[in-house]
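As written, the chain order gives the labels A, B and C, with residue 1 at the start of each chain.
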Amino acid sequence: MQHLIVVWNASPYIFGGSCVTVGIVVLALALGLMLGVPLALAQVYGGVLARRCAGLYVWFFRGVPILVQLFLFYFGLFSSLDLPINAFFSSCIVLGLTSAAYQSQIFRGAILSLPSGQFKAGRALGMSDACSVRCIILPQALRLSLPGWANEFSILLKDSAICFVLGTQEIMARTHFVASRTHEHLALFMLAGLLYFLITLAGLTLLRRLENALSTPGYAAGGTGAQ
Amino acid sequence: MMETPVLCIENITLTLGGRKILDQVCLDIQRGELKVLIGPSGAGKSSLLQCINHLVRPDSGIIRLEGEKLDAANTRALCSFRTHVGMIFQDFNLFDHLSAEENVAIALRKVRGFPRRAALDRALEELGRVGLARYAALYPAQLSGGQKQRVAIARALAMDPKVILLDEPTSALDPELVGEVLAVIRELAKAGMTMLMATHQMDFARALANEILFMEHGVIVERGTPEELLRPDAVTRTRDFCAKLVV
Amino acid sequence: MTLFGNEFLLNELLPTLNKGLWISLMLIVPSAVLGFLAGVFLGVIRVFGTRRTRWAGDAYTAIFRGVPLAIQLMLIYFGLPNLGISLDPYPAAVCSFTLCSAAYHSEYIRGSLLAIRQGQMKAALALGFNTPQAALWIIVPQAARLALPGCGNEIIYLIKYSSLAYLVTCMELTGQGKLLAALYFRFTEVFLGVGLYYLTLVTLTGWLLRRLEQKLRIPGFGLEV
C-alpha cells in the first residue's frame, strides 16, 4: 500500500519527464535526418574522399557506446572548447550524431534498392544529376526508409534513458532521483519502464499513420522489406 | 494366384477442417508397375501421396508395404517404412544448404548409417544415373529446375526404395525443362521401378502407365488401362478431362 | 593542450583502461554466450511451442525489447533488493545483459526458423529421418546461417551496451575511464581512449563475424541482396 502511495505521489513528476524525453528524441531524430541524408548521398554518389569520410563517420559513431560519447562530448570536448551547451542539448547532439550514422545506413539501403532506371529516366528527361536525386530518388528512398526510421525512433527513445548521467531531467533521471530518496526502486522503475513502453507504442502508431498517409498506390515497402 | 502387391492402400480417409479430402481410397501396385493419378487440382492426388508415407496423417485406413502393415504410431517403423518409399515433390525440396552430392548422401549417412566416403561414392553414382555427375558440387540455387528435380530423383533412388511416389514432378518446371525429367522417369519405368505418379502429362501417361486412376473430390472415380480410358470412342471422365487439358 | 601526453598515456591511461577492458570482457563474453543460448531456447518455443508458451515468449520479448536496458539494469540492481534479492554489481550486470540479449536473439532465431521452407522438413521425413535427426541435420544448419547476421549484430550491440554496467558501479572500461578522467580532469583524452578501445572491440568482432559468415556461406542461400 505504501508503495502505491509513493508511486502515486511521484508519478506527476516522473510523467513530466516524458516531455523532456520526447524533446530529446525528436530533436535527435531531426538532427540525425539532416546529417543522415547527406551522409547517405556521400556514401552512394560521392567520390572516393567523400565516401571515405562518410565511412569513417559511420564507423566511429556506430562503434562507440552512447555513454562514452556523452562523457566525451559533454565533459570533454564541449567544456574544453568552452562551448556553453547544457546537458539537454548535449544529449540531443550526441544522440543526433549517432542517429545520423544509423539513419545514413537506412537511407543508403533504400537508395541502393531503387531500380537504376529511376535515375536514368530522370537524366533522360534532361534533369541535372542533383535534380534527379532531389526530385526522383530522395522522395522514393525516404518513403522506403520509413519502416527503418520507425525502428530507429524506438532505439533512440531507449537510448535517451542513458542521458540521465549528464543530469538531463528526463524520465530516467527523475525516477532515479525519487527512488534514491524513497527506496522504492522496484515500483518506480517499473513505472518508468511502462512509460517508455507506452511512448514507444504511441510513436510507432503515429509513424505508421504517417507511412499510410505518404504511401503511393502499388508502392509498398518492398525494397527494404522491413514490414 | 496374384503375387503380393508392393504397396497396398485400403480405405484411406482424410478430413481437414471438416472437409473430406480423401474418401475411402483403395489401390494396389504390383512390382514394376507405373500407375498414374490424374484429376483436377484439389482432387486430392497430392494429399493421397502424402498420406501414403504419413507426411500427412490420414484419419483412417491401412497401408501395407509388401504385405506388411504400417504401424504409424511406432516412430522407428514409420522411419524405416519411409526409407523404402521414395518421394518426389512438386517443388523439389532439395536441402538448400547442401550441395547436390551432399543432398543425395545425407540420408544415406544419417539414416542408413553409411560412412561419409561410401555415402558420397554412392551419391556420385546416383547422380551419374540421372546425368548430373558433373554438377555434384553445385548448390541447389545454382541448378535449373529440371536439374533440381533430377537430383531429387537421385536422392530418392539412393535409398533403394521399393516404390517411388511422384507428386507432379514436372508441374513446377518451365516447359523446356519438362523433357529431361520425364526422360529420367521413363528410364526408371523401363528398368522396372515401381511408381505411383500424379501428373498432367497425358502423353507420358498414355505411353507408359499400366493403369490410370482418375481422381475427383477425394475419390478415385475411374480406373483402367490407358487404352480403355483414352480410346477415341470411350465415354469417360478421363477423356473429357484430357480433352480440356489439350485445349 | 597536450593531448595524450606520453607519460600520462603510458603510466596512467593504458594500464587503467586495460584493467577495465578485462572486466568488460568478463561482462561481454558470458552475457553473449548465455544470452544466445537463452535466445535460442526462447526463439524455439516462440515458433514450436504451445499456444501458451508462444504467448509467454512473445510477451517476454516485447517487454525486454520495449524497455530501455538502463531501466532493466536499475530494476535488477536497485529494484530486486526491495524483494529481498540483492545482487552484486557484476552478477547483476551479467544477468541483465543476458535477459535483454536473449530477447533480441530470439527475434532473429524465430525469423530464421520461420524462413525455412516447410518442404525441407517434409523432404527429410520422407527420406526416413526421424524428427530430431531432421531438426539437427536439416533445420539447424539452415537456421544458423540465416540467423547469423542478426545474432552477430546483437553481440556487437552487447559490446557497446556493456558500458551501462558503469551505472550500477561495475568498474569496467567506461567506469575506469570515468574515475581516471575525474581524477586528472582530462575527459577528452581519456574518453577518446575509451572510445578507441570500444571501436577496436567492435571492429574486431565485426571482422570475425564476417569471416565466419564467409566461411559458412552457401551460394544462393540466405538473405543476400
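Following the convention adopted for this analysis, a contact is a pair of C-beta atoms (placed from the backbone, for glycine too) under 8 Å apart; a residue touches a chain by one contact, two chains touch by 3 or more.
The structure presented is a predicted model; accordingly, all values stated were derived computationally and were not measured.
Q: Treating touching as the only link between chains, describe the layout with one word: line, ring, star, complete or other.
A: line
Q: Looking only at C-beta pairs in contact, point me to the busier pair out of A-C and B-C.
A: Spelling it out, more C-beta pairs touch across A-C than across the other pair.
Q: Would you mind pulling out the distance in Å between where the CA atoms of chain A average out and where those of chain B do?
A: Chain centroid spacing, chain A to chain B, equals 55 Å.
Q: Can you check how far apart chain A and chain C are, centre to centre, with Cα atoms defining each centre and the answer in Å?
A: Each chain's C-alpha centroid was found; their separation is 21 Å.
Q: Calculate how many whole Å lie between the centre of chain B and the centre of chain C, each centre taken as the average of the chain's C-alpha atoms.
A: 47
Q: Mark out which residues of chain A touch at least two other chains, giving numbers and ranges.
A: Correct list: empty.
Q: Under the stated contact criterion, what part of chain C meets chain B in this complex?
A: 117, 119-120, 122-130, 133, 137-138, 141-142, 145, 218-221
Q: Once bound in the complex, which stretches of chain A touch chain C?
A: 59-60, 62-69, 71-72, 75-77, 79-80, 113, 154, 157-162, 164-165, 172, 175-176, 179, 183-187, 189-190, 192-193, 196-197, 200-201
Q: Over in the complex, which chain C residues touch chain A? Could you list them?
A: 1, 63, 66-72, 74-75, 78-83, 160-164, 166-167, 174, 177-178, 181, 187-192, 194-195, 198-199, 202-203, 225
Q: Which residues of chain B touch chain C in the complex?
A: Checking each residue of chain B against chain C gives 50, 53, 55, 75-76, 79-83, 85-87, 89, 91-97, 106-107, 110-111, 138-142, 152, 155-156, 159.
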